Structure formats: C-alpha cells, structure tokens
C-alpha cells in the first residue's frame, strides 16, 4: 500500500463536445486539462482557484459523481475504474464529500437522524442498535446536541448544517474527505469554528483532506500543501508555508496581490 | 381524495397570521364545505329517498321546478331531475377524479424518470410528451373516442391521456431542479442506488407539486369529461352524467330551459368548489405564497414613523441617518430588522457598513431610498437627510426623483440585478433619461462614454450586448456606470464584489476608489469582508442584530476594537501569511463557549 | 433570427411526423375488421381477402403508414363515405369557419386576459384585483357549452339581440356585419374561459417578475412606477405569457368543438362531432391532422415571438 491516499495522473475532463444534429462541433469546454496530483495519508491538500478553474469538477470526479474523459486516479490504493464499476457504495466507503451549500446538501423532508442513518445502513451495514449508538457519537463528534437527530434541516443555521453534513461524511467511515468550499457560505466567526472542527477531526481520526476553496487565507490556515488551479490546470503546487511566501507563477502572484487584507490599508490609500 | 382531506386543515392554522391570506382561506373553506357537501350527497344517493332516476313517466314530462314530488321538475322523458342530478354528479365525480388520478400517476412517473435520468431517456420521453401536446387539447381526446367508440370509460381514458403531458412537463421541471440539489449527490454517496434516490429522496420533495397539480386540474378534468358526454361521446344511456343530462336537455332548451340549466349550474358549482379548494391547497403547499414572497412590492417602502423628525437639518454632510428603524410586517406585529441606526457620511468619504448575514446591513442600505420591498417592509422610525433634507418626509414622486439622481445604488449580483431583456447601453441610457430628458441619441452617446469611464473596452459595440453576454466583472462595471449616469453625490454599494472572483474584485474596488477620488463621491459600502473594508473605507460601522455596535476610523477599529463582538469578528478573519497559526489563535476564542 | 426560425421549422418536421404516427396508430386501435364492416353480410373469406388487398391492409403497419403518408403529402386524405366527397375539400371548407371563430376568441382572450392580469397584479389585494379574481374563477369553472346555452337563452331568445345560431342569416345575410353579429356570442363564449386562464397566468407572471432584483434596480435608477411596471416588468413577464397564448390557441381550436355544436357554427368541430358519431373515420383523421398541424405552426410562431423578446433563448 502506498502512502498516498489519492493519486491523480494526467486527468482530463471535457464537457459537451460530440456532434450536434447538424454535424457541427458543439461547444467543448475543457474543465480539467491533464492534472496530476498526490494526496498523502493524513495530509490536507488545499486546492485554490477562481470560478472556472475546474476545481469542483476535479472534486466531483474523485468521488465518482463525474466520469473523467482521460487519465487515471487511485483512491486509497484502488483504481477509480474499479470503484466505478462496483457501484456507488464502493466510492462511499472509500471517499466522502462535503458540499459548499450545507442547507442544499440536506434533504429538507428528512430528519437528521434519517439522513445519518443511510450511510450507516447501506455503507457500514450496522444493525439498528449499533446505528443509533453511532448516530449519537457522530453528532457529538461534530459538537452538536443530541436532540439534533430528531430535527429537520431548516431548523439549523448554515454553520450547524455544515457540521451535520460533516457528520454524514464521517458516518461512512471513509478515510478520505473531499471538502468543496466547505466554509465559503458561512460567516467568518462560524467559518473559524468549522475550520477548527475539521482540523480536530482530521487529527483525531487520521483523515486525509482535499480542501477546495477560493479563499487563500482559509486554505493556508488548514492545508499542509497547496495546489493552485487556473483554467483547468495546476499551475503551481508546494508546501503551504512556502507557496504563499514565495509564489513562482504569475497567476499565483496576482491572486495573492488581489486578496484583501486587514493590514494593507496604508498601501491602498 | 384523501390527499385533499389530509392537507386541508393546515391552511386554517397557517393563514390566520395574515389578513389577506385569511380572506383567501375563507374562499378555500367555502370551497371545501361546498365540495364536501356535494360529495356526501352524491355518495348517499343509494340511501336517499329519491325516485328511480331511470323511470320514465311520459304524462309528467317536462314538469317545471317546484312541482309536487319533483323539486327540480322532470325531463323530456318525465324522469325526476333531482334524482338524476344526484346520480349524475356521482358519475361525474368518479370519472373526473379517476381521470385525474390516472393522468397524475402516469404523467408524474414520466416526469420523474425523465427529469432524473436526463440524457437520452429524457429526450425520448419528452419528445413523446411533446407529440401528445402538439394536438389541440380536446381534439386528441375526440380522435381517441372516435377510435375506441363513444362511452364513459373511453372518454375517461381519452381525458386522462390528453392530460398526461401536462403532469409530465410540470413534474419533470421540478424533478430537474431537485435533482441538481446537492442532497441528491449526497444520498448517492451515502450508498443509495438510483431507484432509491428517485423514490426516497426526490419524490418526497416533488409530491407537493403533484398534489398541487392534481388539485388544480381535477375541476378541469370534470369539465372535460362532462363536455365529451355533452357531445354524446361520453356517457351512453342509460348511464348518465351531468354532461349527458345537459346534452339531452338541449333539444328542449326553448320550451323547458330548467332541464338544461339545472345540470349546467350543478357542473359550474361543483367545478368552482373544487377550484376554490384547489387554490387553497396550492397556497398552503407553495412556500412562496405562504411567506408572502409573491406580494407585489410598492414603489416606496411603507413609512409609518412613530415620531416626526425635523424635516431639515442645518449644516449637514452629504448623508445623515438618524435613529433609522425598519421592520417586517408579519400580519400581527412588526418584527424589527434594524433599530436606531445612525451614521453620517461626508462628501468624498467612504463609510463601510459591515456585519454578518442577518445583521441588517442590506436593509439599512435599502431603507435609505425606500427600496425595502413592501409589503412586508415598514420604516418605523428615524430620518434620512440628504443634503440636510429628510427624504422620508418627501412625497413619493420627489423621493423617486432623488433615486439615481442624487443617490445611486450598485447591487450585489449584476446578473440578476440587470434587466435580462434590454441591452446594457439601453439600461444606462434609461437611467440618464429618467432624470435628464436629453433625447435618445444623446443619452446613448453618454452611456457609451460612461462605459468607457468604468473601463469597458470597445464600449460603442459592447453597448448593444445583453447582460448575459458579458462576464461578471464587466456586468458589475455596467452596474457602476449606471449608478454614475446622473453624476450622483452618494453611491450606496451593497456587497458589490461578493459574487466576483478575488482578482476581479480587486479591480472593481480599485475602480470605485478612483471614481470616489475623481468625483468627490460619498461612498457607503456594505460588505461582510473586513479585508474589503480595510482596503477601501475611511470609516467603518459594525452591525449586529440590526444595530450598529461600534463605529469609527477604520484603522483605529481594526487595530483596537472596543466592542466584544467587533473584537471577535476581526479575530476570526484569517490573514494571508498567518498559516496554521490562525487556528491556534482562534481556538481559545471558542474554547470557553463549548459545553 | 432567420437561422433561428429555420432551426425551429426543421424541428417542427419530426413533431408533425410524430402527430401523423399517433393519428395512424389511434386509427389502428379501432376494434373490428374494416373489410368485415364494409362487406357486412357479403363477408366471405374470399371477399374479405380481396378487400384487404385492395385497401392495402394485408401489408405490414410500417408499409401501410408509408403509403398513407405518401397519399397525404399528395393531398389525398381519402373520401368521406358519408358525405361522399374528398376529405380534404370538406376539411378545408370547414376550417375557414373555425379559424374565424378561434381567431376572434384568441384575440379577445389575449387582450382582455393580459390587461386584466396586469391590473390585478398591480392592484394586488385591491378591489380591482378581487373583481378580476372573481370573474377569473367563474370563467375557469364555467362549462363553455353551458354558458353558450345560457347566452342563447338570454341574448337570442329573451332579448332577441343577437342570432342564436349559424354563421350567416338564411335570408339576405352574407356580408361582414352579418358575420360579426353571428360571431359575437360564440366568440365571447369561447373567449371567456380562455380569458380566465390568461388573466390568471399574467397575474402570476407579473407578481413573480415584480419581485425580481432587476425591478429593484429599475426603481433605484429613479424610473417612474409606470415605466417600472409597463416597460420593465411587463416585458419580462411577456416571455412567460407568450407560450401560454400558444397553448390557448390549442384550447380555442379544441374548445370550438363545443361552441360550434351549441351555436351550429359550420366549422371543423361540428364536423368532427358528427363524423365521430357516424364513425366517418377518414374525416375524423383528416380533420384532426390538419388542426394539429396548424396548431404546431401557431406554437412555432409563439416560440419565435418569445425568442425575439428574450435574446437568451436564441443561443
């Protein structure tokens, strides 16, 4: 077993294309063009990019929600194609996903207990006694009160809903989590709390994170290594501490220069 | 049927909160009562003391209403109209409801599968539905009846088939939007197969729409089946429904109009009661209607101030806001959104209004020019002085005249805030013409000049572009150009860069700064981002739960915040270059809060 | 724009072909053997086989369809055995009368419905809104065939203001005023229900649009309320109203069946009802096909109008 949780090689995703009815080439969009990346076990790899950089497409391919056009992925040592052919359960047990919009990621017509029950039943195959024990552990792990289980998603704030979504991802007992802009929809104080929770869970449970965000400071605060994506390509990657201090690529530099900061007020005026 | 009965009680409870909805509720309740009465009487037909509806009695034919023993008179064969009416209603109800159920079942199934599967399955199913829809409604039913032969059951099938597309299209639309929600992907990742996701995750969310569609079409279906019977294509003697009663009585229209009018009115009352009830059910199940999200907003926010402030303020800077309070009218009470907000803004100055979601910063911004949607918004107190004059004391027309002229707005998401059907040039020119009738030609050239000012290259040709043809950054530049159209004194920018990427945000902020310097604009910048405030604003006001908790010089507040909330808010902003140190720094802030 | 129209026209061809397939299949659903029915007591196996061969009924369904559609394209819709004349002649003659009736109703319901819907939305919850809502409710709950009878009773029998039936007076009519006098009652009856539907949807579309962000922008620019409503809001609402008008075209074409029966209007609908009861299937088939084709073209027109209004749809 390699010490990489995820290995991506020459990954390509093209949307559209094919021929339209009249034989013309339909608009092709190359969302991801030849990406190679490694996520080491126990590590947080930050992916930074603006809209259209292909970062979400990359994330969706990793968990099997999109099919790559070309290239290979090894997830927890298993080839992507093998996971894909054995159905959605194989993916769910290996790798999980936390969505940007926490409220939209919870079915409004189910209680939190019902939502958490699904992965425990279908992926872990626990009996009902074990499931209810696990559900209590999970809400406790994301620092939510126990009565959370009987309530509906609309009763929670964005930050609480995101904790619940994290609990669902944890329920599957996958060791790899793809976090797609998990704090972007949250207010700053809530954002800090969720980041703290994520860091603690990673250390306690030995998880590996692929952390996607457009916010450089957020990515820097939680990542060990960072990859910068631009128009479907990784233009630069390296240890977080180094990359932001000494960016090599022009695009990274312009990103860093554009980021608003608290202490820069002297230079702006 | 059970659906209707089960979903009816909630409206009474939920609508009591709002007078207007209560009105609507009375109608729905009347509909329910009427419909319930009709159903019960129709069901009781076998036990009611009625003459046999099929027994003919030639000597007593065409008796007028209120004849002895025949409340509604008799028809051309001497049959009792009341008895036939009740039995006929039973048939009409049964056929109409069955047709609805069939159409709903098959239509919803097609819609669900097509919307969920997408791709080729979707295309094939929806092309089939399009074919059915390509027939002028009732003509397809007539063709089907022509083929199968006249008869009640065949009419039922025909009506059900022609209504399948209606359900399929509606349900597909909803399914597509639900399917794109993230919880569907999440359920897949939780190990559910496609069928399980469709029926246990998607269907519960689509069900209200199916019920709404059924309740609003069942009346229609009863009308259509009655129509086929009226033409002689539905119920055949001796069976008769309301439509065939009317059809048979038509021959005696001039001599015995009551034989036609009684079943006709019955159909009308039955369908109307169902429509009233159906509308009620729709209002209850559609969350937008319940929340009043479809109320028509007035041109100016309702102003109902407790006190009347001085109409003018001597020696005032560009903008003075004093004790401004705005709330939302929930029917019984006004829930306050902002309370006692006061601040001043001088010429050439930039004030940042910062707060988290729900802090009331946008409501504050919109209240200044009476743009809070009303209903439900109400300005309950305070004053807004522009050049020393309270705008909330002005007449509606005067206030509208100030908008865009002295005070202009730049909004958050330029894709939704620009009109999708007008070119950007037209939209800027329109802003000019609203205050300065210089003629279309001149307005257009000024619009192009403004576009150049805000840094749009090739402005003359871009002026004829529609908003959707521009990038996000360009659209926001158009928004700014529109705000500049009449050379205003004050610009209120409500999260102008939130929808944009950081590199684009930097350029837009730069543009705003430059315009402020060049034109001496007073800029009120609403944002949730301390980084933006630090970069642009001279002074900052921090909002929390509808109140300003602290305001002052930006650098002073950033360096040394006084209020606990401000301290915490600033501490939670990660700084580039801080690295993992950020989390270590904020951890103690939340440590004591945990149980 | 021409490219868009061309594209829509091309897309209409498979729809019309699909229509013809559905009509063909529906006619194949007819229970019983046509040869048997035609021959009656002369139906020996030999005779049946001969007739089947003569009518092409011994071939496979796809073959029959190709032959049938080929004939249609050459204008051969068969002969009506009841009327003993070519189907196409009869249908085209009748269709003119239906177009006058349906067209008049469509114009009435579009104009009145849109106006009522706008007023009702702008004065939401005001007394005008309540009056409009009340009439809309009556309109959509009223069986058109019954309303027609009531109109005849009052306007023709009781008050003798307007003729009760037909398209022209039997003696001395035939000019335009005469046609209009005959048209008023059936067109009004047909339009009342459709007006209700249009008014209802216009109101909903206007209310939906009035809540949009771009309306707030229009207000923030300082535009007068009239400009906001009639230029900005109405234009955006019209994009969703136009398809409804397209559907109403189908509704009035179909609804004409009742109205023509009630008012003895010599149109397609009346012909179809008679043809169904006499089982004159070729006539039904021809009438339905022609009406459906016209309806497809009307909807195509609605699509094009919608695309002219909304540049986003042309892509």
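Just so it is clear, A, B and C label the chains in written order, and each chain counts residues from 1 on its own.
Keep this in mind: a contact is a pair of C-beta atoms (placed from the backbone, for glycine too) under 8 Å apart; a residue touches a chain by one contact, two chains touch by 3 or more.
All of these numbers come straight from a predicted model, not from anything done at the bench.
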item	value
Farthest-lying chain, centroid of Cα atoms versus that of chain C	A
Chain closest to the middle [Cα centroid of all protein chains]	B
Length of the line joining the C-alpha centres of chain B and chain C, rounded to whole Å	30
Separation of chain A from chain B, taking each centre as the mean of its C-alpha atoms, in whole Å	33
Averaged-CA centre spacing for the pair chain C and chain A, given as whole angstrom	53
Chain C residues counted as touching two or more neighbouring chains	none
Chain B-touching residues of chain A, taken from the complex the two chains share	50-51, 60, 63-65, 87-89, 91-93, 96-97, 99-101, 104-110, 118-119, 121-123, 143, 158, 165, 168, 171-172, 187-189, 191-193, 195-196, 199, 214-218, 220-222, 240-241, 244-245, 254-265, 268
Contact set on chain C toward chain B in their complex	14-16, 18-19, 21-23, 26-27, 29-31, 121-122, 124-125, 137-138, 140-146, 149-150, 152-153, 157, 204, 206-208, 210-225, 227-228, 232, 235-236, 239, 249-251, 253-255, 257-258, 261-262, 272-273, 275-277, 279, 281, 284-285, 287-288, 291-292, 295-296, 299, 309-312
Chain C contact footprint on chain B (complex, rising order)	20, 127-128, 130-132, 134-140, 142-150, 219-220, 223, 226-227, 230-233, 243, 246, 250, 253-254, 257, 260-261, 264-265, 267-268, 271-272, 275-276, 293-297, 299, 366, 369, 371, 373, 400-405, 408-409, 411, 413, 416-422, 430-431, 434-435, 466, 468, 479, 482, 485-486
Residues of chain B touching chain A in the complex	181-183, 185-193, 201, 204-205, 356-357, 472, 501-503, 505-506, 509, 513, 528-532, 534-536, 554-555, 558, 568-570, 572-580, 582-583, 586-587, 589-590, 594
